[in-house]
Each structure stands twice: as C-alpha cells, then as structure tokens.
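Read from first to last, the chains carry the letters A, B, C and D; within each, the first residue is number 1.
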Amino acid sequence: MSHSLMTPSAVAGTGTPALEIRGLGKSFPVGGLFSRDSVRALHGVDLAIGSGEIVALVGESGSGKSTLARCIARLEKPSSGEILIDGVDVLKRDRFQASRAFRSQVQMVFQDPFGSLNPAHRIEHFLRRSLAIHGKGGGSEEATRRRLEELMTTVGLEADMLNSYPHELSGGQRQRVAIARALAVEPQVILADEPTSMLDVSVRIGVLNLMRKLRDEQGISMLYITHDLASARYLADRTAVMFAGEPVEEGESLDLLANPAHPYTQLLVSAVPDPARAGSYDPVRRAELRQAVMASTRCAFDGDPNQPCSAEEPVRHHVGDPASRHWVRCHLYRPWAAAGAHALASEPTNPSHPASNAQEEAPA
Amino acid sequence: MTISQVSFGSHEPVLDVKDLTVKYIGDTRSTTAVQRVSFSIGTGEVFGLAGESGCGKSTIANSIMRLLKDPAKIAGGSISFGGRDVLAMSPEELRRFRWQDVAMVFQSAMNSLNPVLTIGEQIVDIFTTHAGYSRKESLRRAGELLELVRIDPARLKSYPHQLSGGMRQRAVIAMAVALKPSLLILDEPTTALDVVVQQEIMAQIKELQRELGFSVLFITHDMSLMVELSHRMAVMYGGRIVETAKAQDVYANPRHPYTQALMGAFPPLTGPRVPLTGLPDGVKFRNIPDLAEVAPGHLVAPFGDDIPVIDSVNLEGAAR
Amino acid sequence: MTTALLKQPTSTPAVRKPNRSFVHGLLSNKKALTGLAVMVIFIALALLAPVLFPGDPSRITAMASMEPSAEHWLGTTAKGQDVLALTLHGSRSSLFVGLTVGLASTFIGILVGLASAYFGKFIDEALSLVTNVFLLLPGLPLLVILAAFLPPGLGTVILVLVVTGWAGSARVLRSQALSIRSKDFVAAAVVSGERAGRIMFREILPNMASIVMGTLLACVIYGIGAQAGLEFLGLGDVSTVSWGNNLFWAGNEGALLTGSWWVFVPSGVCIALVAFALALINYAVDEVTNPRLRKIKTPQATPVKTERSAAK
Amino acid sequence: MRFILRRLGFYLIAFWASITLNFLLPRFMPGDPVSRMFARSQDRMQPEQIEALRKLLGVDDRPIWEQYVDYLHNVFTGQMGVSISRFPTPVTEVISSQIGWTLLLGGTALVIAAVVGNLLGILAAWRRGGAIDSALPPVLVFIGSFPYFWLAMGALYLFGVVLGWFPIRHAFTDGLEPAFTWEFIGDVGAHLVLPALTIVLVSIGGWMLGMRNTMIATNSEDYITMAEAKGLRPSRIMLRYAARNAMLPSVTSFGMGLGFVVGGALLTEVVFAYPGVGYQLLNAVQGLDYPLMQGLFLTITAAVLLANFLVDILYVRLDPRVRSN
C-alpha cells in the first residue's frame, strides 16, 4: 500500500482548476403546470477542484449535495451560475444539451451500483459503449479488446467478468465496473455521488482506496459526495460542508474536522458515532447546537430581522492560520474567538429565539 | 457449545436463543439463512448483533417475534423468553406475547406505519387490543407516550407522511414502549436517517431504557454505533456468529478476520490518517466452525493461521 | 495483505441472459403452457381452414337449421351454411384483426410511453393528457359512433379499434418506462454521452420486455372482443366471415328463438377460448416477473408450523 | 383541494375533447353520411328544422371556426336538434327518458361486481392457496373471456326462452304504467336480473384478481409486519391495515371501469332490448339518426366524466396523502 495518505495533494492549489463552479443556483418548480412556486435547492455555490485533487462535499440528505452533482454532470439544468472546465464556461459553450466533448471531460459514478448498470446488458457493453462514443477504442477491435481488459485490471476486476451480467456481480464489483465505465472516456473530473453508501461496509474501504489510486496514478480530479464525514476525512484533500443548498465551510479535511467553525459542521461532527470518543456526548452542548441549526432546510437565523444573516449575506471568514485554506461563512463566527474552544460559545444563543422550540418540523 | 453467561444485567436471561436454524425453502433448493445461532440477553442488557446485509441478523429478529413469512422456516433450535418456549406458543398466546413482552422497531419508520391511519389510531390500536382500555383512555395514554418521546400530543391527529423521518421513528419507538415490554428489538432503527437525527434517536432510546429498564437487542451494520451503545455484541457472517464478547473487547481486540475487516471499514474521525483495507471484493468465508472461548467471555469461531477460510467468488451479490 | 487470497481463478460463469430465465420461467408455468397450447391449435386451424374447407364457407351447402350430425359436425345455419366451416374460416379474420390491433396499439403505446417518460416535462404533460382523455372516453360508444361515420370495411374496424385501444397500453407502458427512466442506469447512459433514441430503445425498452408482452396480450384480447362486439351490432364488415359476424347472423336469423343453439355456441366459445388462453399467458407473465404472485407450495412437514398460518 | 381542482380541469378538457370530436366527425368523414340521412328523411321535416340540423351536422357554408363556436353554444344550451328516428321529439327529450334505465342497469351491475369481486379478492389474498384463491380465479377468468353479448344471449336463451324464469326483453312488462308501486318495482327487478347478472359475471373476475394482486403486494409491506408484531387481531390487520390500503388502486379502477361498464351495458341492452341509452344508440346508428347519436355520445361521456369526478372526491377522502398535497 503506497497511498500518499499523509501528503494532501501537492498538485492542488496552483494553476487553473480542473473544475470550477461559480454562483451555481438551482430551483425546482413545485405544484402543477400553472404553478409558479419553486423550491430553492442550490444557491450561489462556489467550488473549485484543482487538477488531481479530491474534494469532498459533505452534508445531510436535503442539503443539495446530490443536486449539485447532477447539475455539474448536466443531468439537471442549473438555474444560474457558471460551470468552468479548464476555464471555459460549458453552460455557455453548449447551451441546450451537454456536448460529447463535455461528457468526455466530466464523468459520474452513481450511488446505487445495483441501479446504475442496466441489467439487460453485459459488463462489456458498458465499457465498450463508453469507448465507442468517445472514440477511445483505438481503432481496431484488437485495440479495443486490449483497452477493455486494461480497464478491468485497473479497477481490480478479472477481465473475464466482461462477459458477466450485472446481477452476477457483488455490489462492490459493480461499483468498480461503474468506475471503469467512467474511466473509459479518460475524463478530467469524476463526480462520485455517495459511491460507497449502498455497499456492504466491509468492501467500502476498497472502493475508496481505488479512487485514491486513480487520483495518484492518473491525476484525475474528483468530487466525492458523501454524508459520511469519516470517509471524507479518509479520502479527500479538502472538504466542503453543504447546508441548505450552500457551502458554509471549507478547508483541508483534517483541519476542518478537527476544528469545525460553523455550528452545523460542529453538529455533524459531534453526531458521528466514534468509539474512540465514547462518552464525549454532551446533551447540553448538543441542545445548543441543535437550537442553532435545526433541520437542514434553512438556517435557523434566516428570517430573523435581529440577526445580521437575514439582513445581509454572510461573508467568508478565514479560520485559524491565514495560510490555511479553511473558511467559514456564518455571521456567528467570531475570528477573535477562534483561539477559544469554539466560536459559538462566545455568542450564547437567545433562548427565546423562535426556532428554539421548533423540533424538526414536518415537511408541509 | 455454551455461551458463557457474562450478561451485563442479572444472570437470569430474558431471552435465550439456542442453536437457532432458519431455512429458506426454495422451489428447487433450500438455503440456510441462520445456522445454529445461540445467544442470550440478560435483564436490562443491550445486546448488539452486527453484520452486513444478508448475514441473517434481521431473520433472527423476525424469528424471535415469529414473524417469518414463507418461504422462511425455523428448521431447528429453540427460543425461550422468560422461561417460556416461544416456538410452541399457540396463535393466541403468540398474539399476546407480541408487543406485551417483546416489541420491535423496524428499519424504516416510513414503511412500518400504516399510511392511511393517523399516528393516534395506530397507537390506540395497541391499547385497545392488549390492555382493553376504552378509546378515550387509550387516546390519553397515546398522548402521554408521544410526550415521552418529545412529540407534541397534537400530532396524534397527524398521518405518517406529515411527520419528518426522525419524528416518525420516535413515534414508532413510543409505540414500542407503550406496553412496557421487557425486550425491545431494534432492527437497524436509524439506517435511513441522517447522522444528527440518528444520534438523537439513539440518545432517546438510551434514556427510555434507563427509565423503563427493558433489555435491547440492537441490530445494525454500523460497528461504531454498536460499540457505543451495546454492552455485549455478536458479529454475524453468512448466518453464523463469528465472534461474541463485550462490546469494548470486540472494539479493542477483534480476533476474527471478518470482525477486523468490519472494524477497519470505519475510518476514525480523530488521529492520523492510516491506510485501511477492509475486505477485498468477492471474498467469502465458508464453513464457519462453532465458537471457541479465547478469553473470558470472548468467543471466536476458529480460523486457520493461513486463513484458508477465504475464497473468491464473483456471484455473492446475486442473491441480494 | 489479503490480496494473496484473491488468487482464485474465476471460472467463467455459465452466462445466462436475464431474458432467457423469463422465457424459461414462462415455459415451466402450467398456465402459460395451457394458454400457448390453445393458441397453437387455433392458429393451426386458422391456417388450415382453406385446406379443410376449400371454397367460400358462406355458400349454401345443405338444408337449413340442421342439428349437428356426422356430415355437418356442428350443424348448419338457418341459411344452410356449414357452421364448422364458418367457425374455422371465421378464426382467420378474428385472429388477424386481434393480432393487428394488438401490435399496432402496443407499438403506439411504446412510442408514446417512451417519449413521455424520456423527455418528461411538457411532452409528458401533453401526451399524458391525450392518453387520459382517450382512456376516459367510453370505449364502445365511441367505437359505435366512429364505425357509424366511417365507410364499412375491415380497415375501418382495425383503425377504429386501434384508435380506442392504444391509450390503455400507452398508460401502462408510460408508467413502467417512467420508473425505469428514474433508474440510475439511464442517467449513467446520459452521462456517458448516449443519444436519446439509443437510450430509449436500447437502455429502457429491453427492461420492459415482460410488460410489453403483457400489454400486447391484453390488446389482442381487446381487439378480438371489441371486433366481435362491433360486428355483432352489425357495424363491422358484414361481407367477411368472422366470429363476430357469425354471431351477428345467428342473432339476425333468430337462431336462439328457433332453438338452433349450435349456430350460436361455437363462435362464442372460440372467442372465449382464445381470450382465456391469452389471459392465462398474461397471468403467467405476471407470475414469472412478480415472484410474490406465484402459487404457494403446500408446506412440507417441518417441526415448526409455518409462521404465517400460526399467526392467524 | 388543489388535487380536486386539477382533476376538475382535466375532466373539462376531456369533455371539450369529446365535443370537438363530435363536431369534427360529421364534417370530415368521407362519403358524406349526413347528406344520405337528409335524402332519406327530408320529406318529414319543416324547412327550419332542416336548416338547424344542417348547421348542427356541418352541412353549412360558413367558415369552420364560426360553425365551431356555434356548435359549442348549442351544446352548452342543450340545443341538440331533433331526433330523426323518433321524429319530431327533441334529442334531449329522447335521452332523458332513457338515461335512467342505463344508470339502473349499469350502476347495479357495477356496484355488485365491484363489491363482491373485491371482497373475494381480499379473502383470496389473505388465505393464499386456500379454496377461494385456487379454485375461483380460473373459473372467473374463463367466464370473463366470453363476450358480454354472447353471455347475455346464452342467459336469455337458457333462463328466458327454455326455462322461462325471467322475462326476455325490455325493462318492464308492456302495458304496465310506470309508477311507484310494488308491482311495478318488482316487475322492473325481474327484468333487471338477467342483464345485470351477465354484466356482473363477465366483469367480476377482473375486480377479484386486481384486488387479490394488490392485496398480495400490500401484505408484504412493512406496516403489515409491524401490525402483526403489534399483536393485533388478524381480522383487524386484514381489514384496517391490508385491505384499507389495497382498496386505493381499486377505487381508481372503479372510475376507469365505469367506461367499460357503459360499453358492456350497451351490448347487453341490445340483446335484451333494454330501453337504455346503449340500445337507443344502436337504433340511432341503424336509423342514420346523427343528431341523436351525437347527443347520446355526449351524454354518455358526460356521465362517465362526472362519475369519475365523484370517484376522485371519494379518493381524497380515503387517501390522506393526496389530501395534503
């Protein structure tokens, strides 16, 4: 095992990012054909992934992280914003439908390996089509064959599985096929939407290790979307936290999870079961956090005229060492308090705050 | 083979499962879902059953409640609850045994609540059937139950779809403790929920357990959660128990390679990043032998030094 | 570490296409076999009719209203036509119309369903609206009206039956296509750069095989039954020999009032047998694809009673 | 509420579509059937009546949209012209004298078939492999394979002609004055038995199998397992948990079934000469009575749409999930 676990990506941080997102927004219409209501799923998302960098996007269900992935993959049409690949805005370049050029740059691995491979086709079909569509087959049948076998070996599968049907493979093996299919087009960026959450726990690490290997050996950039903070910490160089459709905190994975600055991140971190921290659960502290964040549909302070958040957009604050790339976007963050235990402690929340007695409210 | 009685609570086991074997009788062949599994749970003890999908842990839960449906059949062994033979109960005895003695929280609260009845009606059902209370009295108690899990009693009139995921699961937990059963089976009660809600639900269950003193059979695939919550635990693989011990012992010193793989599957949230391996794809253990005691209260299924127990198959996912 | 343990050569598994197990399941299903056997017999008889009874079956060959006898196995009509000849020749038109209507309706249903599901949004809204309107318009009255306005003939009958019959299959196929559309493998195909047509017909359609077959069978049943109804009302093409027309003439000539049941029974029973056989195949398709509907085996003697029966 | 409004809008569109279809048919059909009709019955009509019918049926020189607006106006004010075959009765009058009989026949048959069929389906699914589950479905499917009219003719022949147990034609004995007397109601009942029975026999199998299959699917839901785990009584689980949920799709198909029953009733009415709209529709077709045909078709459509709307309202009562969004 020669994984470069201790060196968070030396390649990252310089030059044009492989993928950059600016001010991306997405609203879904709700109700019937004649309704003008809409739900805001994403709002002003900025994110950059350097070439050869793995960035994790963490958040709970409903935080908009999957929507973001689908927007970047252009399975959904973003309502606003820009998606830049190598500095080119692809939303402007091919406006109505993603071009094949774009498809060859950005690939996606889906959450459910049992759903992402068409049960009617053999494994070979998936890889062969990807090669054929993007002209990566090498011209001759022999070259294609070689490429197919190479792909299988790369993701740790036997070449003779090409003849199998998806239902003959285990979950982990299918997810490897899905990764091979993405690799076949030789993309710059792979979007991985919770690639391990449907797998048996014992094979999850194997898939994460494979992703890291691909980054190390082929320099592919990745956006790793997950709700599992521990795996984000394990795999990603940087981690961004999504909350209510916006990234609220971002930084080097180890630093971010060790010193979470946003109350929501703190809540997430504190909720992860970790036997090593057994007994660290503090109900009073949690109640405080819960009160500050509530259900992940919107920030608790949104709509409260007494809070600066509602009056103006929160700005980014640097956290810790100015050289680090750790920032948080929250009015409650007090840079001067950063030296203390945690930022929120210096600003006790008001018990009469309207959100304080709202349990997680049911969706209307 | 004996399970040494290192129960956390009293030495009198609430539940005693011996050599339980469950088979799925198929059209052409039968498969064994659970094979000679034995364990016991003491009064007030939280016993964890860990393992991955298809390892038979939910089948065990359903066997205890005798909820197995065709083609699954109990093919051998015994289940005794407070000294009574669960497998010999008549339909009427069984009906009373269910929920009064053992209650269960299912994996998905959305699916385990009847979508066309209000939460209130579904709780009232329990009281009118088992306790013979009037409707009015039942409703009053139902309201109290909801308060117990910190849900506004006005929610009695809500339908399941009007509650959030966490609230629904809390309502199910309220139902589970309605008749103060002596054993609560939790079958992956939080897998469908986000971590923050999961943490609250687990805290809620702990609190109720302190208050009401029931025993818990806790089923999950999340080792971290299990170690945090359980007193003792067993790790299942392919219908067999491969290791059982105090939870902290399993965490600190997993003996079986499979247990080690499971532990290795959860990267820690603190400390340095170290490479983990988990279990390679398609690796399977076969013919797991009976448990043997390796330390006081720590039993492990023997495996050879050269680990010949692992072989590679590529069809293991076929029967998902 | 454990990589050394992976050295097991993976023998190439006996590859079995998922669709093949479907056919296999169908062929080992008693209902399906019965249905198929009946259909094979009817199709054979329809093909052999001109050989067995050469010439025009509606010509008068014997005395009127004769009971079944050795010479005329199913007796004769009030005009003196041989009922057996009419019945066998009638199967040709009935099966032809049924099959044509079934294929055409299912084809339209597939197109509408796939387009609806794949493109979604406005296209789906519009197509669904049209489908639902057609589904809700009362079928037979619409048939009658259409048949009354259009010039009589076999073409009219087929056209009218397709117009009233496609909506049902479109609805079923749309909802199935919709559920497949939402599967990740369709999104994965989009991401890998596949074009719309290929996704619809190569990725979505193959997964609908059983439901397409079910719809086709249902449409054929509808076609045969509705043709018979239309012709019985005298709105078909009266000059052709078909089961519906046989019954129309039987009614017209007062077969029942004179007690000539043999004129009236054979064509009706034939329609019922064909429809029943197709329905059997259809239910078998359901059972093969939905294991929950399969028949429960009689429980073997096991030490413990089956849980389900104990629960009652 | 929103759901109801959406459905209402849909029914209006459907009704508009059927009106438009009615408008277009006589205008765009080959062979000019309308002229044939006029040729046959011109001598009996007043010139202004002919003029009105010409406009209604499109023998008209005005631009098509003008005709269309005029047609819509006529439909919504109930001016459907006069019947040719029952000259000079207005179409609306002919229809209103007959719709009641169809509602009686179709309604009775539908309710009996749906209720009995669904009950059998519930029982069959609850006791998988029992007597009801194994014996009944094939028999009912086989009976259901017969054409409506064939079964009707068979019943008429057997019970009417041969055995003479039931009257063989019309809705009541000729010469009997319609009135609310026991004699008349009994007579109507006796005339109703055979036609209703044949419709029930043909359609009941579909209800039963539909319910059985939904119920089997419902029985494997988690909430049924949970109800069993709760130790509820089996009868309660069957009715309040399983059947209560399984009936929801059945309610939807009840609305859809209406259209088919109207169709089945049409054929049955023809066989028994039952004086409903279906029988009348056939008479109108045979008598080239296009105004009556159009009126009948619109009436039948409107009735089916209305009934579907009522079913939707019922559905909202039964499924709380629809209610809240």
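To be clear about the criterion, contacts are C-beta pairs under 8 Å (C-beta built on N, C-alpha and C of every residue); 3 or more make two chains touch, one makes a residue touch a chain.
All values reported here derive from a predicted model rather than from experimental measurement.
Q: Count the C-beta contact pairs for C-D and for A-C, then tell me which is higher.
A: Most contacts of the two pairs: C-D.
Q: What is the identifier of the chain with the smallest separation between its Cα mean and the overall Cα mean?
A: C
Q: I'd like the Å distance between the centres of chain C and chain D, where a centre is the mean of that chain's Cα atoms.
A: It comes to 23 Å between the two C-alpha centres.
Q: Take the average of all CA coordinates in chain A, do the same for chain D, and state the distance between these two points in whole angstrom.
A: 55
Q: Please work out the Cα centroid separation of chain A and chain C, and write it as a whole number of Å.
A: 49
Q: Taking each chain's centre as the mean of its CA atoms, how far is chain A from chain B in angstrom?
A: Their C-alpha centroids are separated by 32 Å.
Q: By residue number and range, which residues of chain A touch two or more other chains?
A: Within chain A, the residues that touch at least two other chains are 158, 161, 164, 167-168.
Q: Which chain D residues sit where two or more other chains touch them?
A: Those would be 220, 228.
Q: Residues of chain C that contact two or more other chains, please.
A: Those would be 10, 13, 296, 311-312.
Q: So in the complex, the part of chain B that touches chain D is made up of which residues?
A: Where chain B meets chain D, its residues are 62, 65, 67, 69, 94-100, 103-104, 106-108, 111-117, 125-126, 129-130, 159, 161-162, 172, 175.
Q: With touch defined as at the start, can you tell me which chain A residues reach chain C in the complex?
A: 33, 70, 73, 75, 100, 103-104, 106-108, 110-112, 115-122, 126, 129-130, 133-134, 158, 160-161, 163-165, 167-168, 178, 181, 185
Q: Which of the residues in chain C end up touching chain A in this complex?
A: Result: residues 10, 12-13, 15-19, 125, 183-185, 187-194, 203, 206-207 of chain C touch chain A.
Q: Show me the residue ranges of chain D that touch chain B in the complex, using the header's touch definition.
A: These residues of chain D touch chain B: 220-223, 225-233, 236, 240-241, 244-245, 248, 318-321, 324.
Q: Spell out the residues on chain A that touch chain B in their complex, using ranges where they run on.
A: 1, 3, 5-6, 60-61, 114, 156, 158, 161, 164, 167-174, 176, 200-206, 209, 227, 229-231, 233-234, 254, 257-258, 267-278, 281, 283, 286, 290, 295-296, 359-363
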